[in-house]
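Look for subunit A in each of the two complexes below; its partner is subunit B in the first and subunit C in the second.
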Partner chain A sequence: MDQAMIEKITEIVVSKLNDQPEEKTSSQEGVKVWDYNSEKPNVTQVSNGSRQAEEAEGKAKISTFHTPEKQIDNKETKAPKQQPDKEVWDDLKQLTNKTPARIGVGRAGPRPKTNTWLQFRYDHAAAVDAVFGKVDESLLEDLDLFTVKTKVTDKESYIRRPDYGRRLSDEAKKEIEGRCRHAPQVQIIVSDGLSSKAIDENLEDVYLSLQQSLKSLGLDVGTPFFIEKGRVAIMDDVGEMLKPEVIVLLVGERPGLVSAESMSAYLCYKPRLDTIESDRMVVSNIHRGGIPPVEAGAYLGSVIEKILDYEASGVELVKKEG
Partner chain B sequence: MKLSTTHLGHTYQFQSLKSLLAKANEEKSGDRLAGIAAESVQERIAAKEILSELTLKDIRDHPLLPPEEDEVSWVIESQVNEKIYDAIKNWSVAELREYILANETTGEDLKRISRGLNSEMIAGVAKIMSDLDLIFAANKIEVLTKCNITIGQKGTLSSRLQPNHPTDSVEGMIASLKEGLSYGIGDAVIGINPVEESVESVKRMLHATHDFIEEWKVPTQNCVLAHVTAQMKAIEQGAPADMIFQSIAGTETANRSFGIDAKILEEANELAKTQGTGTGPQRLYFETGQGSELSAEAHHDIDQMTLESRNYGFARYYDPFIVNTVVGFIGPEYLYNNKQVLRAGLEDHFMGKMHLIPMGVDICYTNHTKADQNDMEDLGVLLTTAGVNFIIATPMGDDCMLNYQSMSYHDVATLRQTFNKRPSPLFDKWLEQMGILENGMLTSRAGDPTLFTR
Partner chain C sequence: MDHNKKEEILSAGIDIGTSTTKLVISKFSLMNTAGGTHMPRIEIIDKEVIHKSPIFRTPLASGNEIDMPEVEKLVLSQYEEAGVQSSDIKTGAVIITGETATKSNAEEMINHLSAHAGDFLVATAGPDLESIIAARGSGAYDYSKKTNKTIANIDIGGGTANIAVYRYGELLGTCTLHIGGKLIEMKAGMIDYIAPSVKKMAKQLGAPVQEGDRFEEATVKPLTDYMAGTIAAMLKNQLNESEPLLLGHQPGWEYPIDVMMFSGGVSECIYHEANCEATDMYDDIGVLLAKSLTEHPDLANWEWIEPTETVRATVLGAGTQTTEISGATIQVDEDTLPLRNLPVYRIPFDGGFDEQLVRLPQLIEEAVEIYDPAKEGQNFALYLADLPLLGFKQMQSLADTLVTAVRKKPKQQPAVIVLERDLAKSLGQAIRIQHPDQQAVCIDQIYVEHGDYLDIGKVLQSGVVPVVIKTLTFH
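What follows is the complex of A and B.
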């Protein structure tokens, strides 16, 4: 998306904000303008004013992947520069404001418009380039997380051998043994998975709010650490070693087009080597355009409390809840 | 049972039927991961040759996973029609292939012999078929099913509208739904994958889609793809669901890892019948995909293609309204690149149809797979020519919740126009009334989601 378009959309947002200047907050419910191509920051947050919370989530976004004029200008008979009917424009904007999905994009015959198609290709290219990467070490230092490795040695073996990503290396086991407290109620672990950017962007907020939430619930939290190139079932190996009651694994999701920085939190009651998938629970889509990281941390605290109450997670928990 | 052959002075010997079936597969990263793939291309072809000479009886007499040990095997075995089996049991796999392809053999003939085949035989024959064989054969078989409307007719291409939203916002989901309908998408199902699988969230999505369908009189069916138990609870609490969905796998242990078994699916089917909103007779929706058993470490050293075939044998027992393989979703660990995804898509579709399954495909890939959108369009073309019942479509092919790419609303409309296909009849008629489609072509109004703004 070119700079001019970003400015144009920002202008639209800002002018709308100026119509109703009374509520200015910096809450999570602001209007976000997403820029998929530039380096950071890739989301411009415009403080909330115009949008009331339509949903509990209420995170309206204007995405940059469609051009305002062209999206309604989809009738073949129309001249390319014709101004759209204001009513239709408003109706369409109401829809596109509700979702980051690529809607209201128009068509050329049954095919997408050229700019829509190229934007899609751009975003796919960015997602492909975002797979893997390296987590910012200063972030891990700041959060006091030490780093261990799985049996994975390189990217190719991560992909070819999922089983390696589910097991700790021998050195990792020694280090965890030496540094971690045994049998806490809650063990937090972090892994980059397929997106280091997910960790860079979300970990601090999720981690700190989760810690705070667990503290206020009076839960006993073990020694957290970072696992390089782990898969979800790495929690079983950790569980087998440290015997916590609950593990929460914060892990980078495979990059998508809307966000290459989405994080998931997997939770499991007493994960061990014989744990089955349906006993795990996941809170996915943690990123600034999905579940906001700070809220996710607090929410995870309440889920952990529930897991401890019922002594179960996943499908088992649903069954016990009755 | 002969498990060896000699080619150019080299003797190829295979340990078991299980190993032979695995090594006869086209190259798949998942089979390599499992350590069961052919060591060389020549070994692969040798395996195919030996397989082609085995009889159907050889395959049935040597179960890969005995029915006493695995309920999926039991369910498949219990459906074999003994009279039809008796008539064909001495056919070699090669003879089965040539019967399937013969011009004299009609779709109805295939439906008949299907009743005498088990899933391993169907996987076996698919292993000695080329891509075009799989397309030509599948295209003979018309499988019709009905929930609220009937789909699957020859000359139609139906679609699942997948209006997912990253935070389960109802308004956001409805916005994508409107866009999809304006391209003529959604006659197989309006199906949403929720972020949060709670009963409350399922209920909210079911009500929202049901209300929309009622308001606009859309001839289709709704479904929220949470775990079967969450959907059942939502229905028991009064939520309107036309269908119940579940992901399934080809072994009992893999199903257990999904938190399901044969019994819970029967209960779900019964609940959909007595408390669901779908007319029926079909009311279930299953998703499958090569590699899920291995991923759950529940594959019993059986190759992923044969296990996939067992999914369809298992699914058939429940008479589902729709089934689709999510062919590229599982990732490069199991299907490494575009070539492997394409082959698997054609295999799955053929094996499903040979089981008389109303087969659709989620033609898709993840961003760590070596594939791009062009590859999906190519597979879309191939599957349309193969007569696939339905395709999954998302806005511009980008699922902003599941973080993968599938086909787009535009793609389905384009495939229909290119291959002279229509949506299923009742939906087609509704689209004409709405002014979205005229003689199978998008009208000037089409593609505008504000059509549904009142």
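What follows is the complex of A and C.
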């Protein structure tokens, strides 16, 4: 599902929620019966008694985005709760097992069931949180990564001005100059990109496993650091300054409704300001439901080794391999 | 492996059955099927049979022995005809089936062939495995993956009938019966041989059939009719434990069977009657048995479909369906391969990672007790099942615990670790860093069960290893 569709659906949901109180209900325990067959849907209120409830204060409101991180494993809650009879269920399961898409979830009238609906809202909210959240600083401290910024000042401009996310701020350049080793074989950089959650969830395992892999290959690794609000091409700016042979950028992917915590590793041989996109390569979909993070780290080591062997990356590498 | 690049390997299948021996050579194409942004996933994308041998009579030296030099000569002559060398054969299986598996030199035979007829040719035997391989070769397995029907493949050869039931590509069960063409043999119109199981059955039926009698359809047909009825009862899960034709365990599939297909020598006479008109070709009851099966009213209750292979189902299964490919990101010490006949010791992690990690040394000690009680150095594969998603630190402690425990074994051996989840490279890497002197074979994306046997071939160009899983060998 693409972003536009999500936005459209959200819009419809919000307008529905806003509309509701106008059909004033006098009893909270009443049940609304919708007549879907007539052209103009019409609602009958079935009251279940005389008890008058107080009018609800306010209405359901979409909160502002900074909700605290929840300790809910939404993969677990996705398991279907009701099981129809075995035979039918088995057949359906064969199909649903093939995709994380929301198929075979049933319906109530023309709407999704409440659980499906809530799950959808939850996943959507998680995606939004991932974009607007911040990476846990203690994680960066643990991994010994110092933080620098791009030319972006706030999230709004990060989204509106992708070009700002591709260049380091002047302070950042100074700090990198002062703290990083020049011209290593491999430079690791990390950025939150469009999902801070992806970094929180996967960085430790990918990063440590990658370091271990590079060590066992005997490669020389530069001083790694974290770039706040960066985009993929930020590696060009870093490459221009530090002149490493290979840069690997671990960055949060644009979140979706299947996973809001997916991370990518972008790799490039000698990225400089004149690097073209076809020279970049990526290992994407690194998260608990995709490529296992530790395995991704180990695999990245062998990709870097290959890039160094062929002195090329991306399409150029494919050409050289023949 | 590089994108869009194909690797081709040769695979051989050899089936030494009760009455016939055959061989196929096929060419597998391996390719990375994952998208450019994913970790590689090497799969067999094409299997092409490049040589099918004629159907030979199985060379027997005496009633109780297989003529080993003759079988080997036969195999090598077929290689020559196909223009391949033994050393070109990178994977495949030799299977010894039916009554032949009970011959006194069966095990020696099959091990000899597996060592001499290819780089990595796996020795297989056992009625369950025979059923599975036949169902894969006949097309029953593929059919079950394409439809939502439960299918039984009934492979009837000279000595045994091997049944395997599949649903959605999943094996629901197997069963083996003493039903086959060569259980009664004729010579010059006289009954020359009756297998002990059939004698017992004839006695129960009160059928007056004896060796030395003149062969008459009227007297023998009741016996083959009974065999057909037994197959019907077996399909319905209604077989008695005392059934004289039952070999091994009772059937026990939990779904009713929708469709069935026959493979094996006798099936040729079911689907292609014309090929079988010469009753005396094998001088046995194969033709009569086929007739009984076609006519039996109980068997008409199921939908019959034709297999893609009849008489060559098992050999095709052995040659094209036994090889699996490991995950592409693995870590192996190449000089330890190939490894043959490793029993699988399953260590489940569903009870919690930390708890099981503590128990690991003890479990490995138990495995040594089971598989190497005489401390002769029989290695085994540790299958870590239901592993949760491990983080880096957990992976380090798992690697350390494993190596420490494996080193307590009486003989120093490569640690063979098989995983379901795609984690082998990181585990292998952790072992290599922590214990550089420990040889290890870490492979993943292989699904095995406790008690299975495993053969692991040499690393292919694509960086994967061929793996053959055997549910049971000699028993």
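Please note the rule applied: the second predicted complex is superposed on the first by the 217 of 322 C-alpha atoms of A that agree within 3 Å, B and C clash if a C-alpha of one lies under 4 Å from a C-alpha of the other, contacts with A are read in each partner's own complex, and residues count from 1 in each chain.
As a working rule, contacts are C-beta pairs under 8 Å (C-beta built on N, C-alpha and C of every residue); 3 or more make two chains touch, one makes a residue touch a chain.
Quick caveat: nothing in here was measured; it's all calculated off a predicted structure.
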{"item": "Partner chain(s) touched by A:E295 [first = subunit B, second = subunit C, both, neither]", "value": "second"}
{"item": "Touching partner for A:S213 - first (subunit B), second (subunit C), both, neither", "value": "second"}
{"item": "Partner chain in contact with A:S284 - subunit B first, subunit C second, else both or neither", "value": "both"}
{"item": "Subunit B versus subunit C as contact partner of A:D205, first or second or both or neither", "value": "second"}
{"item": "Superposed model, subunit A: greater residue contact from subunit B or subunit C", "value": "B"}
{"item": "Partner chain(s) touched by A:R161 [first = subunit B, second = subunit C, both, neither]", "value": "first"}
{"item": "Partner chain(s) touched by A:R102 [first = subunit B, second = subunit C, both, neither]", "value": "first"}
{"item": "Partner chain in contact with A:V318 - subunit B first, subunit C second, else both or neither", "value": "both"}
{"item": "First, second, both or neither for A:V128, with subunit B first and subunit C second", "value": "first"}
{"item": "Which of subunit B and subunit C A:Q94 touches, first, second, both or neither", "value": "both"}
{"item": "Overlap of the subunit B and subunit C footprints on subunit A, listed as residue numbers", "value": "91, 94, 283-285, 291, 318"}
{"item": "Footprint of subunit B on subunit A - complex, ascending", "value": "54-55, 57, 59, 72, 74-77, 88, 91-92, 94-96, 98-107, 109-112, 116, 120-121, 123-124, 127-128, 130-131, 159-163, 194, 253-260, 262, 276-278, 283-285, 289-291, 314-315, 318-319"}
{"item": "Residues of subunit A defined as touching subunit C within the complex", "value": "90-91, 94, 204-205, 208-209, 212-213, 215-216, 264, 281-285, 288, 291-299, 301-302, 318, 321"}
{"item": "Subunit A-touching residues of subunit C, taken from the complex the two chains share", "value": "2-3, 36-39, 148, 168, 329, 389-393, 395, 421-426, 429-430, 432-433"}
{"item": "Touching residues (chain side subunit B, partner subunit A) in the complex", "value": "29, 32-33, 163-176, 178-179, 183, 195-196, 199, 227, 229-230, 233, 256-259, 295-296, 331-333, 366-368, 372-373, 394-405, 408, 410, 413-414, 417, 442, 444, 446-450, 453"}
